[in-house]
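First chain A sits with chain B, and in the next complex the same chain sits with chain C.
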Partner chain A sequence: MSENHQHTHIVPLSVYYTIFAALLVGTALTVWVAYIDLGALNTVVALAIACTKATLVVLYFMHVKYASKLTWAVVSGSVFWLLILLALTFNDYLTRHLLTYG
Partner chain B sequence: MSPETSAAAEHHHHPALAHHFDSLAEQNEAATLGMWVFLVTEVLFFGGALMAYSIYRSWYPGAFASASHHLDVTLGAVNTAVLIVSSLTMAMAVHAAQLGERGKLKAFLLITMVLGATFLVVKGFEYHEKYVEHHIPGLGLPFDYSAEPQFAATAQIFFSIYFVLTGLHALHMIVGLGIMTWMYIWAANGTIDKDYSSPIEISGLYWHFVDIVWIFLFPLLYLIGRHASGAH
Partner chain C sequence: MASTAPIAPLPTLPKKHYLNDGTTVASWLLTRDHKRIALLYLVAVTVFFVIGGLFAVLVRLELATPAGDLLSDDSYNKVFTMHGVMMVFFFLIPAIPGTLGNFLIPIMIGAKDLAFPKLNLASWYIFMIGATFGTYSVLNGGLDTGWTFYTPFSTVASTSAVVPAALGVFINGFSSILTGLNFIVTIHRMRAPGMTWFRLPLFVWSHYATSLIMVLGTPVLAITVVLVAAERIFSFGIFDANRGGDPVLFQHLFWFYSHPAVYIMVLPAMGVMSELVAASCRKPVFGYTFVAFASLAIAIIGFFVWGHHMFVAGQSVYAALIFSILSFLVAVPSAVKVFNWTATMYKGAVSWQTPTLYAIGFIGLFTIGGLTGLFLSSVGLDIHLTDTYFIVAHFHYIMVGGTIMGYLGGIHFWWPKMTGRMYNELLAKISAALIFFGFNLTFFPQFVVGYLGMPRRYHAYPPEFQMLNVLSSAGASILAVGYALPLSYLIYSLKYGKVAGNNPWGAVGLEWTTTSPPPTANFEETPLVTWDAYEYPARVEGHVA
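Presenting the complex of A and B:
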């Protein structure tokens, strides 16, 4: 960390307004698409929109785009551990019907 | 705040600078990292609850779609928008704090709190509607799902998960309102200034995180199988 560097990166308000608009569009989109029959893809699309919105909030509203590498590592770590939680549990529950015991 | 008397020649320390940090920049970095470490535990906390949701939804897709149709999409969408606006005003509060604009900071914190309270009031109306419709499982309350008796038992699982997830989220909102009140006091009494905006920044991280949780809860709870017109 350079000592002369300003201690906080001040994000321009125009960036906040843009992200805000994108989040509202995403909300409208997720409601609109829920009424269209995409079969199993409905859930995938809903989660894709939610993940995109969450990423925008994390990067811009939560300033991670401008944060130190250490903060990046911790934020990525949360996603990584969440994926372990989901993947290993689904690995059990969603494959039980493939095997029969006894 | 007593002025520095010992070292008149040196630049005096900011009153908020703790003695174990060399600079406010270093202190801010540590505070940001600390809040993020806490948020990692929060991700896994809500992640575990969403894991339970996922498993039960994969087991009882019909009941989940049916019960989800009893939630009010309009109120859910309005509340999503309310939280997104509150995230914008929170970001603008951080911006005002970083520029040392105390009046704007106080105004944006207040607007953020009003929006947070609005969310909770709307949620309260939704909960009340569930009470009136007899869609609250447990607590000795009557549960009525006679329109689709085949889901009478499994719909209770959906509503149990609905109340746990939205209840935990609402609890986080209430804690957030407490933090914002605290930050408002610090903004008003001058603890927060241009060089010491990090309490506002890390409170903002918490507020945005709670918004993100709702960004996932809204489609997962309210919008299951909405395209199917068969069930309600």
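Presenting the complex of A and C:
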């Protein structure tokens, strides 16, 4: 069965070390960029680095990259649900100035 | 019946079943049998229901007179808060999945147990730890934020035990997530041969949908209440406008879970309903696939409507508009279910047994609760009705009229399966009637008094509202008798009830093919399923319509 094959997938240690190094670089980058004022981009840049790091963790440390389609469905479902939360919340925050009651 | 017909032998209890398979305390507290864990939940949620109920008694006593004479304003805040916290988090959410879901899902799909029996036991312990924190906050000064923990009151103003209560809710969330996960994996992987998705009883479909909400929504609630606790301790400022935070953000995060949580409470009851309606009319549920997919639709659309709790909270007008439209939409699958149940009953040979009474009660009360929800989805009307007793009446029609009616109906339907014995049918019918009339007398006047402008969450009110409040308090006392009765005759039946036999209702479904109570492994041998759900009236042996 293909699933069994995927369960026995062995990731070489070098991959883990590379990802770990990338995460450390990301952390250093976050600290470094915090000292530079990018104006409106401050949050955007910080979040972009954080999301990249999270993606690396999910793909490699949590093995999703090598997992079955069902696991991918679960992961994308969770991301979609996060998007619902963000979209409808921002639908409030980004339109507050447009029109108010009374 | 002709006099020559042979007299059927009286049913007897099986020699060996899950209840006598081990009698020590440890055999219960360390059990991995889903049926025993269901009974652990049953005992636990009953205790929390009684505690929550006692707080409701205090509320109704206080509101019998317009003056705030029995409880001070502060005490009253704590009493209604603890009523809400106990009932929502420690009764309504775990009640049906923890007891009936745990007991029935493996049996209904022809499995020996849930996919992760140890995790199932862990869920119960986590639930009990969470509930201990909740109870600790009750005993240690109480909680006065309302069950909703609204900021900034909960973070900067309240002097009550917010942190332990928030921790209790946080811990309890993990129990919910693990139960949902267990159900999902079980339904995917443990179905008996031949038990295809569209042969599953609708009870299983609705629990599947419930589990999705538990897994997808609960983490957001958990992290949100932790943020409230952290904000109280460390003053982070996430919800504090003085520090660039936003108290309304709390409401977004809270209701992202807590509106779908309404469906965590009511979807399992809808699952019970489908079983009760089919069994009491001896007909297949009308439009099986529609009812099944309506459960999923409710679970999914339920995540898009939370802003209807925030129409006056300062969210943007456009957000309110969109949440309003989406809220109207979520009523559609609920209505599909109600119509399909009534269509099932149409021209059915309805048997007037206790579970049937609960089923019919559910349809009436849930419909009123759902329709008044549409009033509240409409922004203009909601602005008038927000924080009035109309809201209180609306959600009690859903949660008490829906969830508790479904829960009690299910307990009465499957009690003979769970215990092997029947309860006193006459007393059960009387209590079902008392609950129905007591409930309506309690909560219908609240629609009126709320529409007239009586706000919720105050211990005193203008004298002109007294008549309606006295009616409500009188109804609550009838309701209390209605709830106390089952507790006594069900316990009595454990020892003295007449032996039920495997299938006392003449119902179809795998759970009725095994013994009552079932053996520890549920079936003598794994069943092979060659029929659809609800193949009434044929398959049951010896059944007379």
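As a convention for this text, the second predicted complex is superposed on the first by the 96 of 102 C-alpha atoms of A that agree within 3 Å, B and C clash if a C-alpha of one lies under 4 Å from a C-alpha of the other, contacts with A are read in each partner's own complex, and residues count from 1 in each chain.
In this text, a contact is a pair of C-beta atoms (placed from the backbone, for glycine too) under 8 Å apart; a residue touches a chain by one contact, two chains touch by 3 or more.
Keep in mind that what you see is a predicted model, and the values were worked out from it rather than measured.
Residue contacts after overlaying the shared chain place A:L85 against chain B and chain C alike. More chain A residues lie in contact with B than with the other chain of the pair chain B and chain C.
In the superposed pair of complexes, A:L41 makes contact with neither chain B nor chain C.
When both complexes are overlaid on chain A, the residue A:G77 reaches chain B and chain C alike.
Of the two partner chains placed by superposition, only chain C is touched by A:L99; chain B is not.
Once chain A of one complex is fitted onto chain A of the other, the partner contacts of A:M62 are limited to chain B, with no touch recorded for chain C.
When the shared chain is aligned, chain B comes close enough to touch A:L24, but chain C does not.
Shared interface residues of chain A, touching chain B in one complex and chain C in the other, are 77-78, 81, 85, 89, 93. Residues 216, 220, 248-249, 252-253, 256, 303-304, 306-307, 315-319, 322-323 of chain C are the ones touching chain A in the complex.
Considering their complex, residues 23-26, 28-29, 32-33, 36-37, 39-40, 43-44, 47-48, 51, 54-55, 58, 73, 77, 80-81, 84-85, 87-88, 90-92, 95, 98-99, 195, 197-198, 201, 204-205, 208-209, 211-212, 215-216, 218-220, 223-228 of chain B touch chain A. Chain contact summary for the complex, chain A toward chain C: residues 77-78, 81, 84-85, 88-89, 91-93, 95-96, 98-101.
Chain A meets chain B in the complex at residues 1, 3, 5, 7-8, 10-11, 13, 16-17, 20, 23-24, 27, 30-31, 34-38, 42-43, 46-47, 49-50, 53-54, 57-58, 60-63, 67-68, 70-71, 74-75, 77-79, 81-82, 85-86, 89-90, 93-94.
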